[in-house]
Structures are given as C-alpha cells and as structure tokens.
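Look for chain A in each of the two complexes below; its partner is chain B in the first and chain C in the second.
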Partner chain A sequence: MVNTLAPEPTGRAPVPRSAGASGSAGGGSGRIRHRHRHRQAVVACLFLAPTLLFYVVFLALPLGFALLLSLSRWAGFDLGDIEPAGLDNFAGLFADGSTFLVPVLSNTLLFALGTVALALAGSVLVATCIEKLRRQGLWRTLYFLPILTTVVAVGNVWKYMYEPGGLVNGVLNALGLGSVAFLQDADTALPSLVVVQAWASLGSAILVLTAGLKSVPESYYEAAALDGAGPVTVFWRITLPLLRPSLLFVCVTQFLTGLQSFALIIVMTGGGPGDATDVAALEMYRQAFSYGEWGTASAAAFVLFLVVLAVTLAQLWFFRRKGEDA
Partner chain B sequence: MKGTRRVTGRRVPWLSYLVVVTGAVLTVVPFLDMVMTSFKGPGEAGTLPYRFLPKAFDLSNYRAAMDQLDLPLLFRNSVVATAVITGSVLLTSSLAGYALAKLRFPGRDLVFRLVLATMMFPPFLFFVPRFLILVHWPLAGGNDLFGRGGAGLTVSIVALAMPFLVNGFGIFLMRQFMVAIPDEVLEAARIDGAGEFAVWWRIVVPQTKPVLVTLGLLTFVDAWNEYIWALLVSTAHPEVMTLPVGIQLLQDHVDPARTTPIVMAGLVLSVLPVLVLFLLLQKHYVRGVMLSGLK
Partner chain C sequence: MTPPPRGTGRLSRRLALALPAALLVSGCAAPHRGTGRPGDPIVLTLLSHYASGVLREALQGPVDEWNATHDRVKVRTLAVEFTDLLTTFMVRQAAGQGADIVHPYCLWNGQLVRAGVLRPAPPEHAEEIRRGYGEAAVGAASVGGTVYGYPTEAQTYALYYNKRLLRAAGVDGPPRTWRELEDTAYRTTRRDRYGNTLVQGFGLSVYDDSTTVGQTLALLNAAGGRFVSADGRSTALDSPAGRAVFGLERRLVAEGASDPGVNVYQAFASGRVAMVISAGWWTGSLRAVMGGAYRDVGVAPVPVPRAGDPRATLSTGFMLGVNTASAHPREAWEFLRWLNTEKTRGKRGTPATRMSALQVAAGSLTARADDMRTLLGTGGDPNLHPFLDALAYAVPEPNGPGAQAAKSLLRKNIEALWTGQQSVTEALRAIRRQVDQEVARSW
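Here is the complex of A and B:
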C-alpha cells in the first residue's frame, strides 16, 4: 500500500538527549555526550542492519535488475546471455497489434474504477446505516469476513456461485429470470469480477468511513435537528461533506489496489474468456512466467508502475493542497 | 452521543436495519454456500435446479480433500512460512522503529524517508526480479558462486518467506508509537546502566505490546492468505507448496462430479484457522485495519 496520510515525521529539532549531564557539568559533559552519541549511532546501525540489508537485496537489487531486464533481450537461464535491446520492449508494448493498451490497460482501468465506484457506494450506505443501529461492532465484524479469507477461497466460491447451477443463477431462476453465463461471456466477465473485488473490500472501507463518521461533531446533528432538517438533508449537507477526507482516502486506496491486483483474476478467469479480463499485472505475470518474455514483462511492470506512481503523486499533491487550505 | 442519536430518530431505524441486514446477508451467504457445498454428494453441486442445502451432511468430501492433498505438508509449509514472516516482521519493525524513534545518529531522517518511500513501490514490480534473484542465489540449491547451475533458494521453504521478511508499514507503525514513549523513562534506565539493547527489550517492547499484537495479526493474516508468490515458488517445487496453492490445485485432480464439493471442503479447512484467530483477537485486528487505513 502507499503511504500518504502518514502523519509527517515531526522533524523535531534534535534535543540533547542526556539533559542531566549537559545542563550542569560544562566541559566534561561534551565528551560524555559525544561518547553517548557515538554509542547510540553504533546501536542504531545494529538495529537497522537487518532492515537495510533486506532493502538492498530485495528492493534495490530487484529494481535495478528489473530496469536492466526491461531494456534487454533475454531468454532466461544464463545471466551472461542478457543482450541490450534499448527501448524495444517498451516499443513492443505500444506497437500496432499489441494488446497492451487495449484491452489490457483499459481493462485494468475499468476494473479499478468499477471497484472504486461499487465499494464506495456500498460502504457509504452501510457505514452510515450501521451508525444508527445498536451492536455496531457485531455488524462491522460480519462485513469483515471476506478480508480474512484467502483470495483462493473468495475466487473459487464466487466462481462456483456464478456457474449455471450456482447460487446467483439459482436466485435469478427463482425470480423467473434466465441464467447468465457470468464468467464465460466476454461482456459480463469483467463486471462480474468487479463485483467480487468490491465485495471483498467493503469491510475495510466501512471501517475507514466509520472512523470518519465518528469524528463528525455531535453538535452539528443537534443543530440540524433543531432546525428541523430531515435525515436526507442531514446526510447530504452534513455527513457527506464532512466525510470527504475519508471518502477520498477510500477512493484512492481502492483505486491503487484495483490497478495492481490480479490474484482474484488468476483464480477466477485466468484473464479469459479471450483477453476480456486480462489486466496489466496479470499480463506481466504471464509474459514472464508463462512465455519467458522477461524483458516484455519488466517493461509492462514499469509502465504500470508509472500509472500507479502518477495516481499516488496526484493524491499526495491533492492532500498537500488541502492541508494548506485548512 | 448515542443519547442524542436516539432523540433525532426516536423510531426504530427500520430502513437502516434493512440496508445493513441485506448487506450482511450478501456478505455471509457466499461463506454459507461454501460450507453447504462442502457437504454435497456427487452430482449434487452445480446441477439444476440449484439447492442451497445438501441432501445429507456427509463428511466424505473432507476425507477426499485430505486424501488428495498432502495436508500435513501443506499445513507445515503454511505454518512455517507464516511464523517466520510474522516473527521477522515484528522483530525488524520493532528494532528499526526504535532506532528511528529514539536513537540519535546521522542520517536518521534520511533512513526514515527511505522506509516511507519503500511503501510506494507496488509488489508486482518485484515478482520477476525477486524470483530470478532467488533462482540465482549463489551457493544454494546446487548453484555455484555466480548463481549458475541449480535452482537456487527456490527449492527451500525459506523462499516462501523471503520477500516478506521486512515490512515498511510495520516499521512506520512501530516508530509512530515509540515516539510517544517519554525520553525520561529511557534516560532513567540508561543512567541505571542499561545498554540500548536492554532499554529496547525491557522498556520499549513491553510498552508497545498492544501494537505488536496488532501488527502481528495483520502480518499473520496476510502471510497465511498469500497466494501469488507461493504459487510462483511452488510451481516447479511442489515440496514448498502452501495451503492456498494446494487447494487451488485440487481442481485439476479430482473426479469432475465431486470437484466443487471437495475444493470447498479444502477451503473450509484453510479458512478455519484464520477465522478462529480473528474471533479470539477481533479487537486488535479491527484496530490494525483502522491503523493501516491511516497509513
């Protein structure tokens, strides 16, 4: 996930640590403090060593390696066979006849946008309604179940429910409607996946919105009640505007998650039928591990990374600006 | 708060109940369907007309799932990987968080910014290169010094855990909570002659126990449910397969008329441990999601 709302490191001015020593002892304290500080630096190095080592081996090195691969031609196996290829891999992604822009990237965006819209609408509705009930914790717990479940379970259960003999079509048939081939029909496959992804992320969105709702001062509602405002007016005029930061947060995090996720799609459709549900991260995965096109895969990963980065920066910029307004 | 709400809406909020209950039913029904299907007999699942309840509560699918899968192996791999990841994340987050919150050294702000920056990189960017790095790990799994000739670390259970051993969010979370510990407390311990390690272990760790529980739970659930990386590592080396990967593979093996119920039985078995843990430690987990919502 992406850090944005993090309370900024306060950047406090370095306060002398050994207050007792520095206050009274004059000349000698300098050396004590110096030794003290030196010891702290050594300890800090030790405490940070595992973390920094990890970042070198599993973050910096892979990033460099991925960048190298994206600019190379390589059949796998021997590292000595990596040949420079310039920007060929990137050019290939956007060449005529490449499916990367349409439908892969467009699917990715549709999937992310659809998830956001559905999860947002659902979580606002449910979160505001839960606020009015008793036993709020119990209700929120129920909505939480999907988050605890492995994507393999979520994907398979829904895949089965979407089948002709599954629960969803069972309900449709009971209502006198015809069956729908949700995952087999190219037109309905992607929206069907969007529903599942939104279903699975509803619980955490509700929690974030609940935190937002709890921070709305009670006096606002009292004042509105005195003025005779109905529940609908209160919702549109008070709740929704004051909930805006939480809403925005849910929007952005869901959007970023939607852009990146492909585990659910691997489990449910594998990108099919055809390439109706192929998304960028899945395409990257398949280029690498199914076709051995390591260069193309790495190039695709970087293109998607740029999209993600652009969204992240736009969000940072937006929150910064809002912070200055306040 | 509750009092005033009741003044504004003295009636029972029927509409709200309707919305919340409908949503809750939609949330829970897939799980119930999973459980019900896991009991269905041959030809009973996926046939028309759809029936929610099984004809009989038959445990044979559970037995079949256990026969098909090497469950002890899968459980062992999942447990080991999850335990290693959770332990490592807690340890490294606490140590690094302490250094960043309470120790003074040159470059501290830089390191903290670096940790924050690591959270900006999406995981998909690393699948390919991390996998290749593990394959070409020197002097492991038959590799020579230059990482050639063998399968590297991908043959080892270590590979399952490796990319998840350190968590930028965990470090950030621990640091934010440790900043709140008063310096005087630590200073007093130092004057009493405690070394930095003792200060961390005897004062800081006990004080941050609730956050550790929360972070541990979040990490545990994520690690237990992880699918893509485990799939990648175990495709070539089934001996490091985890539960989610194994259950996904059930589809390819079993007799078609019974596939779905057997898969569902396997899923129930894999979901159960997390569910139990969640019900026991619900408050901590919910708090964790709230906190990660703030990141």
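Here is the complex of A and C:
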C-alpha cells in the first residue's frame, strides 16, 4: 500500500529546467502534483469520514429534524403524521397567556445566573484558601467528589436534607429557629435548588481556578509584599485580574450547564410547587414526551438555543473588553 | 405554553421521512414477529409496565400457559417501568417497532387514538367488554364512545385512615361528611414547637400527578363535580363543587392539618398521617411495608359534603389494546379475549378470568367487579371492599386527547393553591383558561 501522505522523496535527481523543455515537463509535473494533491485530499477525507459521519448522525441530522419539527405538529408516534405548522409553534410560545417567557424562561435564567454567581464566588474563595493549605491535592479531591456522584443521588440526598424534619431544618431548630419549607414554598424553592446546583458544580470550578492560580507568577506576589500590599489588595489587584481567563471559562461553562439543567430539578421538585421551579429543559421534556407536542418542544429548544448563544456571546464580549482572549 | 393552531395540510410522507430515516436506520432492526415462513408460529409482542415483582410474574403465568397450549400464535412480553411506558410507546412506534398488544394507562387513550396507535375493538369484542365490565371501566377504555380495549385493572379512590390515631384523638370512626373530615383532621394533627409536622390530620401530597390530582378529583367527584364537561372539550372545574373542594383543601393546608411537602406514602405507613385519600393498589404496598401495624389501617368511602349526598369517587385504570401497526390484529384480539374473558379455576378453585386472578394475586383490583367479589370472598383483604364497592359509583378519569397535559396543568394549579400562590378563585380561573386552551388544541 502506498502512503500518499508521505513527503516526496528528496533523493530524486533534479529535473533540468531548460527553456524548451519547461513547457511539456512543467505541464507533466503539474499534472502529477495535482493528481498527488487530489489523492491526498481523498485519503484525508477518508480519515475524516468517521468523525464527519459521527457529526452528521448525531448533530446535523437531529438538528435538522428538530428544525423541521419546530415548524410542524407531531404527536411523536408516526413519522408520516408530521404536519406543517409554519411559525405557529414559535408564536404560541410568546402568545398572551403563555407561561414560556414567565415563569419558564425567567426561572431558567434566574437559576443559571444564581448558580453561576454562587459557584463562582464559592469556588474563588475555596480555591484561594486551598492555595494556602498543605495537602492541596487532598482538598481538591474532596471538593471534586460531588462531580463523581450522580445527579439523582445528589438531588435525593439534598431533598431529604431540606425536608421539614431534615438536617437543614434540624440545624435551624437547634439554633432556636422555626422550620422552613424549603422546597414546598414557592419563594424558597428556586433559591434552594440554586444552592444544590452550585454545590454540585463547585468541584470542577475549583479545579479550573486552582490551575489558574498556579499560573500566576510568584514574582507579582513578592513585588506586592515588598510594596507592603495587604492580602485584600493582593487578591483584588493581582489574583483576581490574573484569574480572568479561568473565570471566563468557569462562567461560560457554568452558565451553559445552568441553562440546560433538568435532572436535578425533576428529582427535587418536578418543577413545583406550581411552576415555581419549572425550567425550559423540563418544559420541553414534558411537551414532547408527556403531551406529545413535539413541535412546541422543538420550538422551545430553538428559543433556548438562541438565548444560550446570546448569553455566551455577551459573556465573551464582556471579557474581551477587559482584554481577555477567549 | 400557549398552543399553536393545528396545521391544515401535510408534508409529503417522503419529505417527512427523509431526515429522521437515516437516524433510525442504524438503530432499528426489524421487530421479532416470527420467522414468517409458512407453518412457523406468529409471535405477538405485548408491551406493558409489569416490569418487576409480582406483577411481572403474575402476567408471565398466563402468557406461558397460552404459549404452551397454542401452537400457531405465541406471545412474547416486553416490560418497562411505568414512568417509561408512554415514551417507549412513542419511540417504538416511530421506529416501526410498536408492540402488537399495548397496555396503556387509560389517561393516554385519547392521545394514543389521536396519534393512530390504538385500533378500535372489533364489534364482538366491544360488546363483550361492555357486557362484562362496569361503567367506569368501560368509560376509561373508551374514547368518544368507541371501545379500544379490555380493561385490566381499575383503581378507585377511597379514604385510608389510621384507627389508632383516630382513637387517640377521641374519634370513633372514619368521617362520612366533609365537616367530620375537617374536624377529625384538626383533632388528629400534631406539630412540634418549631412547626414540624408530627402527625398530619389529612394527607395532601405533591408527590406526583396521580397523587395530587387523584386526591382532588376524588373529592370533586364526591361533591358531584367533574373536571371536564361531558363531551370532554372544556373544563367544568370552575363550579360550586370545584370551589368547595379547593376551599376545603386550602383551609386544611392553611390550618396546618395538611403538609403537602411530606411524602405521604412514607408518612402514612409510619403512622404520621391520620387520613389520606388514595387508590386501591396501595393496600398491597401498605400490608408489605407496615407488617403488623397494618391492622391499624382502615378504608372508608370518600366523605361527601353533606350527610345523605350520593357517593362518588374517581377511578383510573389500564387496558390492553391492539396496535394499529400490528400485522396480526385478529390473533391479538383472540389472545386478549382468552386472557380477559375466559373463566378458569385458578389455584383457589374460584372461577375468574386469568386477568382477574393475576390482578388479585398481585394485590391489585381487577376491572371485573364480579370476579373481584368472588376472589375477595375467598379470604382477600377486607380493606379492598370499599374500593370494590366504589366501582359501582366511580367516575372515570377524563381521557380525551389532551388529558395528560390537562392533568399536569391541574396539578400545577393545585400546588399553587396549596402553597398560597393563588387564591381559590385565581386557581379555578387559571385552570379553566389553561386546560380549555390545551383541550381545544388537542381535539
């Protein structure tokens, strides 16, 4: 088998470049080079084919199908029953009386924003503390453990902890405070979920931020110490600005995770009480798999996609203004 | 979400199939339906939610018996958990692998009929079903007056109560009217100084759709109300009966006699709920979980608003129907007739259909009241009798095309009412608006 991607042999005798021979010889070598490049391209395509096929089957086709469904009505049973609906599904999402914008989309954004804010603040604090401790690997591992636990287990454990007779209320009662119906009260249900999601995602954020902290040159801290800067000044003036690339990464990934959150919410509240914790992914699932409204679900998915895209672009723009390259 | 209006035309089948076809090709092998060679048996597939425990074994018994005694037609069971059942119907049907015989929750019947999944029962089977089953069971297995399958189990709702807790509160017996229900609930409720519930007087629960909505609809039916109108095209909840039920539930929560956040299934079994409305299937679970403490459990009909009011409650159920995509509908109906109508003498020597015997053996209720009475007479749980009696007056759960969505919307608004997000009037109005919109879209 000939390796067509291998470089051309260098030991070949140089072709004489006389004026008379240049036309035919140059044309011949050009054709050879062209054929050679063509063969290289074919082989490259063959090597890329499995990956491209993967993307086509698992990305392009589902995306195309979702787009088709967002412009159709389909009950989910017979592919032959797909009926065109134009933009009706999108119009329905934003029609008067629709719950999609409020509370579904607003809950989704609040959940994602709350998660990012809490996880970011917590992970910066913890990562900075870990930097000052001995056995940093052990601490990082401990904080990373929730990532290894399934969301269902995390959700159920926290659900029991939040219950009226659970651990959290037990602590409150021990402090002489009354019990709080964390997941049963519409005012506290969403914030309670935010705390769990932030806790669950703390580990990965800490991992990224500790790596970011390690990349900050020690000389900056030494110079700051010589200038008599206190720990707070050092943190605000040196640590935080130099952590910006890591913060951007954590911010974007946590926000995307928050916007698409589903499993934790279905385990802990199922979207309730009422629709106090109903989010876009949960509503899409219900519309498609429970109500057989695949068109509405697909339209909602595309709207969520646009929201995710807009928020991500806004985050990138904001950080780029501050001089960070994504 | 607000529904879009229905489209009028259809994309050509070719266009509709073009995109997903490639997706499906990779994962879809032809379903096992026998070899197709002349003389080889036909293999019917039966998809149900009897995926584990006694129900799985109970169904497999008659299926094995059929396979042992029938050479030409064999039956193969497929089972998934109930939570995955509707999704599995969808995915298999879309992939061309729909089972020959399906076992849906009757709530979905309208949705399945609209999607063209369920085949109407042939006239002789429809006649047999109408003759052999009660009104509630036939109603649950029908959509728009057309019968679509054999009812398998019927779940009616009644009041479970803890005799010990009622006695401790000085109450002699279960309440029969709403006034007695409220009084008993308040008397049995106990909380600690931090507001934690020690004993719920009346267990309202947000555990799942069926629990939340089932409790409310049972009380609504007992008050003479209905969730949807007779033709199934609009909600009828915004009525004096609906207002009375919502008022009662709101008072119970506000006064602390109900704590909807508590898992009522665990709390009742551990003696922390005095009364709760639930379906008959729970007796079997309670007996297993509570052991000796089960003797404290009593069951009574759902209380009515005033003494002398006619009894009514909610009934839900499952049925066995035949898929429109089945290549062997005649054989499938024949199997269902054999399973659901032929009376045999089982282990107890009591004549009953195979389906009735398997339901009662699994601690559930058969949709055939006569079988249930016969089988219970031979030493069944006396707590099942109120559920059996209720088959005569129960109202079937609405099962029109948008029933699942309507139920979820009802649940959301009930939860909003219980948690004080909505007043009784606001909740009733929101339900009317949202459910009417959903139902209108589905028809």
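Going forward, the second predicted complex is superposed on the first by the 261 of 326 C-alpha atoms of A that agree within 3 Å, B and C clash if a C-alpha of one lies under 4 Å from a C-alpha of the other, contacts with A are read in each partner's own complex, and residues count from 1 in each chain.
The definition used in the following text is that contacts are C-beta pairs under 8 Å (C-beta built on N, C-alpha and C of every residue); 3 or more make two chains touch, one makes a residue touch a chain.
Note that the coordinates shown come from a computational prediction; the quantities given were computed from them, not determined experimentally.
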| item | value |
| --- | --- |
| Chain B versus chain C as contact partner of A:Glu222, first or second or both or neither | first |
| First (chain B), second (chain C), both or neither touched by A:Leu61 | both |
| Which superposed partner A:Trp158 touches (first chain B, second chain C, both, neither) | first |
| Contacts of A:Ala186 with chain B and chain C, given as first, second, both or neither | second |
| Contacts of A:Gly178 with chain B and chain C, given as first, second, both or neither | second |
| Residue contacts on chain A - larger count, chain B or chain C | B |
| First (chain B), second (chain C), both or neither touched by A:Thr233 | neither |
| A:Ala91 touches, of chain B and chain C: first, second, both or neither? | second |
| Which superposed partner A:Asp78 touches (first chain B, second chain C, both, neither) | both |
| Doubly contacted residues of chain A, that is, touched by chain B and again by chain C | 57, 61-62, 65, 78-79, 163-165, 169, 173, 289 |
| List of chain C residues in touch with chain A within their complex | 1-11, 13, 16-17, 19-20, 22-23, 26, 86-87, 89-90, 93-94, 111-112, 114-117, 194-197, 206, 208, 259-262, 402, 404-405, 408, 411-413, 415-416, 418-422, 433-434, 437-438 |
| Residues of chain B defined as touching chain A within the complex | 1, 4-5, 7-9, 13, 15-17, 19-20, 23-24, 26-31, 33-34, 37, 45-52, 91-92, 95-96, 98-100, 103-106, 108-109, 111-116, 118-133, 136, 146-148, 162-163, 165-166, 168-169, 171-172, 176, 179, 183, 187, 191, 195-197, 200, 221, 224-225, 227-228, 231-232, 235, 243-245, 247-248, 251, 260, 263-264, 267, 270-271, 274-275, 278, 282, 286, 289-290, 292-295 |
| Chain B contact footprint on chain A (complex, rising order) | 1-7, 9-11, 14-15, 17-20, 37, 39-41, 43-45, 47-48, 50-52, 54-55, 57-59, 61-63, 65-66, 69, 78-79, 122, 125-126, 129-133, 137, 139-154, 156-158, 160-161, 163-167, 169-171, 173, 199, 202-204, 207-208, 211, 218, 221-222, 225, 231, 249, 253, 256, 260, 262-263, 266-267, 281, 284-285, 288-289, 294, 297-298, 301-302, 304-305, 308-309, 312 |
| Parts of chain A lying in touch with chain C, wherever the complex brings them together | 57, 61-62, 64-65, 68, 72-73, 75-86, 88-89, 91-93, 95-100, 104, 163-165, 169, 172-173, 177-179, 181, 183-186, 270-276, 278, 283, 286-287, 289-293, 295-296, 300 |
